[in-house]
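Look at the two complexes coming up: subunit A is in both, with subunit B in one and subunit C in the other.
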Partner chain A sequence: MRLKTVEVHNFRQYKDFKIEFTKPKESDCDLHVIVGKMGVGKTNFIEALNWTLYGKGLFSNISKEDDPNILNNNCLKKNPNHTVYGRLVFDYNEKETLMVIRGVKYTVKDTTAYSLSENELNVTIGSLPISSGIDANKKIQEVLPEDLREHFFFDGEGLDNYFKNTQGEKTRKTIQRMAQIDKMEQFSRLLNDVYNRYFKKTKASEKNALKKKELENELDKIASKLESLKSEREILLEQKDRTKKDLTEVQERLDQMKDYENYREKIQLLQEQIQSKLQQKEDKLQEKFHMLVSDGTLIFAWASIDFAFRQNSTFSKSYDFLPQEEIRKALESNKCPICQKELDEEHIKLFGELLNAGETYIMSQERYQELMYNIVNFKYREESINIELGKIEKELRDLEEQMGKYQELIRNQDINLFDTLHEERDTLQKALETQSENIGITAENIKNLEQRHKEIEEQIRQLICNDIESKKNLLKADFVKQLSEIINNTVEQRKAQIRKEIERYTMDYLDRLMWKKELIKKVELDEDFTLRVYDESGRIILDRLSGGERSILTLSFAMALHKAVGVNIPIVIDRPLTNISGSSYKEMLEVLSNISKERQIIITLTDREYMDDTVPLLNQKAASINIIDLDQESNVYLKNVK
Partner chain B sequence: MLYTNSSELYDILKSVVQEEFEGERAEEIISLLWKMFSEYASSEANEKDGKMIEKIMEKVDEYFESSESTDIREEV
Partner chain C sequence: MESTTLLLRLNENRNRQLDEIVDAAKRLGNITKAQFYFLAGAYGYYLNEAEDISSKSIDVTRVEFLSRPEYKNAKIIIDCIYRAKESESKDRNDKYKLFERYANAGVDELYKMYEKSSKDIEEFIECLELELKEALSVIDLQDYEDDNDKEGEIDNEQYDE
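And now, the complex of A and B:
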């Protein structure tokens, strides 16, 4: 089935708009492009399609068919009564067309639109107006099921994010509905009711009639309890499913934030190292201080003594502490300043030595050498401590710099989010445990009740009379039970078959469409229809695919799903190039044109996406290129068609 | 039937029935089950419970009537 014509009146920017999606006979591609600047109304075109089909929007907040927000702004300024109208014509089969018309009337007072509750929906196949109202809606659901809408109307922004969160649940529900599995399941339940009717139609002897009635009542109570327990279990399973998905999502986000934890650990380690370096620095400074104080005192004392000796001679003089001037005077006067005697050979020798020793004359040679050693040593130690201090300070600066970097990285992470996610994960894990426990308890209760149901049924069977009618009814009851089991088996086999088909078709499409052929080696749908994608080493790689690759996976999966449930409907994508790098635009458009060889594709592009690189390719591949713009009254018109 | 590719569903149903029943009886049961299911699937929502039970019982009764000369009579 393909969309042939769209007519829209008074729907948002679409005052009087008509577009044809014709596939030229010579073209094997059925790709149609709508190009417009940002804000012109490309998305609203897709909303108009959705509104005409389902009476509601997909991407925006159009919650009901007569939502006043859909009325064209210019209508608010003019005459009081207006009709919003959408008309879609599809090629239904080789001979016939299918036409869907929706109309809603409004009245305008003080620039506010009010619905007149005169809504109309008509569906026509060929020239026969087959249905209106509820029947028309039913027909639309048959040919373009709303359940499948998210698998054929795509928002380009979400094209690469399709497999997150509730994909499994959505797919499961769609398959249940589209492949009529839900109807089969309901039918099986109905057969159980039929079984019960036949079973109750059997008769017991007069003596046992009351007993049979009592047991049947008990059976009814058990059946009703079983039904509510089964619905409870379904709800619990859905809750658990959602919790599991939420938990996976939280865990994924925590994994993405794993670096944050590493940064925190690094900072803690660096803080410890910095603390230790600061201690080392303090120890060295202390050492330097003590050295300065003790050796400084020594030098200071030495200088003071020296000075005092030079300035006066009030110091008690001895042969060990004798100023040079005194020695010179003593040698000139030939008189010892200590013993006051005339200088003998011993005096002359000592004084000569003292003079030759230079500045050491105020103390003994030994003490002088010790002092000089201390002074030299002091200089050396001071230098060495300074070098060590310099080294410590450099290390400290390096550590602080490293810590600064990590602190900056941490600042870029949302600390509150990290803590919130941790809390959320703990809560979800606890919820999951509780839900699993409750599911287990419910399953046990169901099992016990089913057993009890069986036992009572057996007791009733013992009471049933041997008359032909009762025998017949019992036979019919058992026959219907058998039919119900056949239906259940059919459902299980069909589900498994669809799963396999989707896996196979998805791989087929990926092989044809993916530009990196070796990237995905296997796809698998698990029990709840969640898609898993593996590389050649068997690793799950969905999160490692690029935006473009994920978009192709989405389209391949959607096409596989359509094929598996047996529908052939157009795929409409609002801005498929949104999350794709400019260098991959051409590849993506090639993919879309390839898909359009077997399925009509309608896409929207911005004027920036429709440029030098893409125009030649689209001119060659697209069946139509429709450029839209706004007129002076801000209504959309077709500027150019190629 | 409905818009979907129901032939696959039919094929599975057929094979499941053929595992349980043989020959002509299998054919009869496939036809009966498919007819009942088709009617149920295309019925209006408000018909789905009470009325449908009656309709199915009618069909089962008819089936038993028509089969009375064969296996079922023997069983009774």
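And now, the complex of A and C:
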């Protein structure tokens, strides 16, 4: 089935709007694109489709068909009476079309709309108006079931977090209803009633009549108890499903906050590294300062050292610090003050010069050189320390920059929230355990009661008379019971079969659509109808998929679901590129065009998404591109059509 | 009885200035006040600034300490400065008094440098380093640097091998 024509009047921005989704004969793709700026009314177009089909919105708060808020704003200023009208034409089968028309009348008083409670809904197949009102609604539910609409109307966000909203119990109920399993179960319950009726018609002998009556009463009580336990189990399953969903959300938030933990650890590590670098810097500064003070004394006074040395540069040997008195005595005694040998001529001359130089300091060449090397060394050491300090400073700047980034990342995080979420997770985990336990206990109780039911039935059978009428009734009851059991088995088999089919179809679609083929190795739909996605190493990876990958999984699963329950309806997606990075736009559009080869796809895009990268591809692949805009009165009109 | 111990002194206010610098420098390890004193003396000599010791003077260090190995260079420069300036010194035959006059002026100059550095010891180090580079630039080190480079080259060759 494909949507052919949409006509909308007076619905929000859509005053008088008509659009055709024609599939050109030469094209095998049935992809239709509606492009509009933000706020033009792309989502309201999808809301108009939902309102026409179900009398309510999907993404907004249109909760009833005559909601006054759906009336076009310009209508509020003009004549009193207006009709909001939607008309959808589908290609129903190869020959016939299916047309859905919904109209609601309003009157306007003081710019406020009031419903006149004159609503109409008509469904026509071919040229025959087959139904209106409740019957029309039934027909719509049959061909475009409302239960399934979350699986064929998507918004961009929905594509990404579809599995959060539709997991488990909700999916199970949808499948049950769509695959007519609920009807089979209903039929099985009916057969059970019939069985009970026949069974009760059997008679016991007079002396056993009372006993039979008592046992039958007990049976009734057990049946009623079983009914209530089964409802209880349903409620518990729903609760468990909700808890699982809440737990997933809390876990996801905690996973996000894991980054916070990592950031904190990194900051701590960086702080330690910074502290160590600061210490290194301090040590180097200390070394440098000591050197500046110590060698600086020498450098500042160098002129005097140089002067002293030049004054006595003739003294090639070191005789500094030799006391004048000792020199005088040596000259007088003609003996060396150190080795006591007789002075030679050279020494006599030298000592004479030393004595003549007076009491002032004499710098030897050796000492002068030593001091000079001190200064040269200072120069080299200073350079080397400065290089090392520069290196440390740079490392410090890098570390501080890194720390700044992490501090910025955790600035908006709330430590209290982290603790609260931990507590919440523990509580939910406990609740989940308790709920599972309670479900187990309820299941056990049901089993025991069923067993007891069987036993009492057996006891009653022993009491039944051997007359013809009773025999007949017993035969009828047994036949109905067998029938009921066959149906129950069929239901269970069908459920398992549907699960397997959905798994298989999902994998088929994924193989065809996913651009990273090796990413998902297996999908599994468990008994609770929760989808698990595994990679090659058997790890569950649903939460690790990117926005684009999750969107493809969603579409694959939705189409598998449609196929398994036997419906073929168009898929409408509001802004499928919303949660996808720009680099994957093309891949996503390719995927959609591929899907459209077997299923009509209608998507909306913003003008920004319909740009250089995507236009050539869409021109090639899309069956139609419809650009919408607002006129002067803020009504939507079709600006351009490919 | 007059003390026989020879002392090196500073005027009271200069002593206070020096104490402030020494306190600030404590963060970077233990550099003694005496070390700063000798640096100040050398700096005063470098700038050719001297200031007489007033009646209110404070003892900073003892001359006898100059015999310690860590003050070996200080002892040399006291002698050399005296040797260089003895002709114009009014304290003939008293090299220590001459040095005290330079130290007094030197402390004041160092304190000015400290104030210019907003009393931040790291900035003070940088200013002192700049002054030293200036002083170093007029010393002819070429012959000695060449020797050092040669040694370095030899070391590198050995390292390469």
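Quick note on the criterion: the second predicted complex is superposed on the first by the 468 of 642 C-alpha atoms of A that agree within 3 Å, B and C clash if a C-alpha of one lies under 4 Å from a C-alpha of the other, contacts with A are read in each partner's own complex, and residues count from 1 in each chain.
Just so it is clear, contacts are C-beta pairs under 8 Å (C-beta built on N, C-alpha and C of every residue); 3 or more make two chains touch, one makes a residue touch a chain.
As the structure is a computational prediction, the values presented were derived from the model and not from experiment.
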Inset, instruction - Have a look at where A:A179 lands relative to subunit B and subunit C in the superposition and call it first, second, both or neither. - result: first
Inset, instruction - Figure out whether A:L190 sits in contact with subunit B (first) or subunit C (second), or with both, or with neither. - result: first
Inset, instruction - For A:L371, decide between first (touching subunit B), second (touching subunit C), both and neither. - result: second
Inset, instruction - Go through the superposed model and pick first if A:L396 touches only subunit B, second if only subunit C, both, or neither. - result: neither
Inset, instruction - Determine, under the contact definition given at the top, whether A:L298 touches first (subunit B), second (subunit C), both, or neither. - result: second
Inset, instruction - Applying the touch criterion given at the start, work out whether A:E282 contacts subunit B, subunit C, both or neither, answering first, second, both or neither. - result: second
Inset, instruction - In the overlay, answer first, second, both or neither for which of subunit B and subunit C A:L417 touches. - result: neither
Inset, instruction - Return first, second, both or neither, reflecting whether A:T490 touches subunit B, subunit C, both chains, or no partner chain. - result: first
Legend entry - Of all residues in subunit A, those that touch subunit B in their complex: 142-143, 145, 178-180, 183-184, 186-187, 190-191, 193-194, 197-198, 468, 471-472, 475-476, 479-480, 482-483, 486-487, 489-490, 493-494, 497, 565-567
Inset, instruction - State the interface residues of subunit A toward subunit C in the complex, per the touch definition above. - result: 282, 285-286, 288-290, 292-308, 311, 359-361, 363, 367, 369, 371-380, 382
Legend entry - subunit B residues within the subunit A interface of the complex: 2-6, 8-9, 12-13, 15-17, 20, 29, 33, 36-37, 40-41, 48-49, 52-53, 56-57, 60-61, 64, 72, 75-76
Inset, instruction - Please give the residue numbers of subunit C that touch subunit A in the complex, ascending. - result: 25, 27-29, 31, 35-36, 38-39, 41-43, 45-46, 73-74, 76-77, 79-86, 93, 122, 125, 128-129, 132, 135-136, 139, 141, 144-145, 148
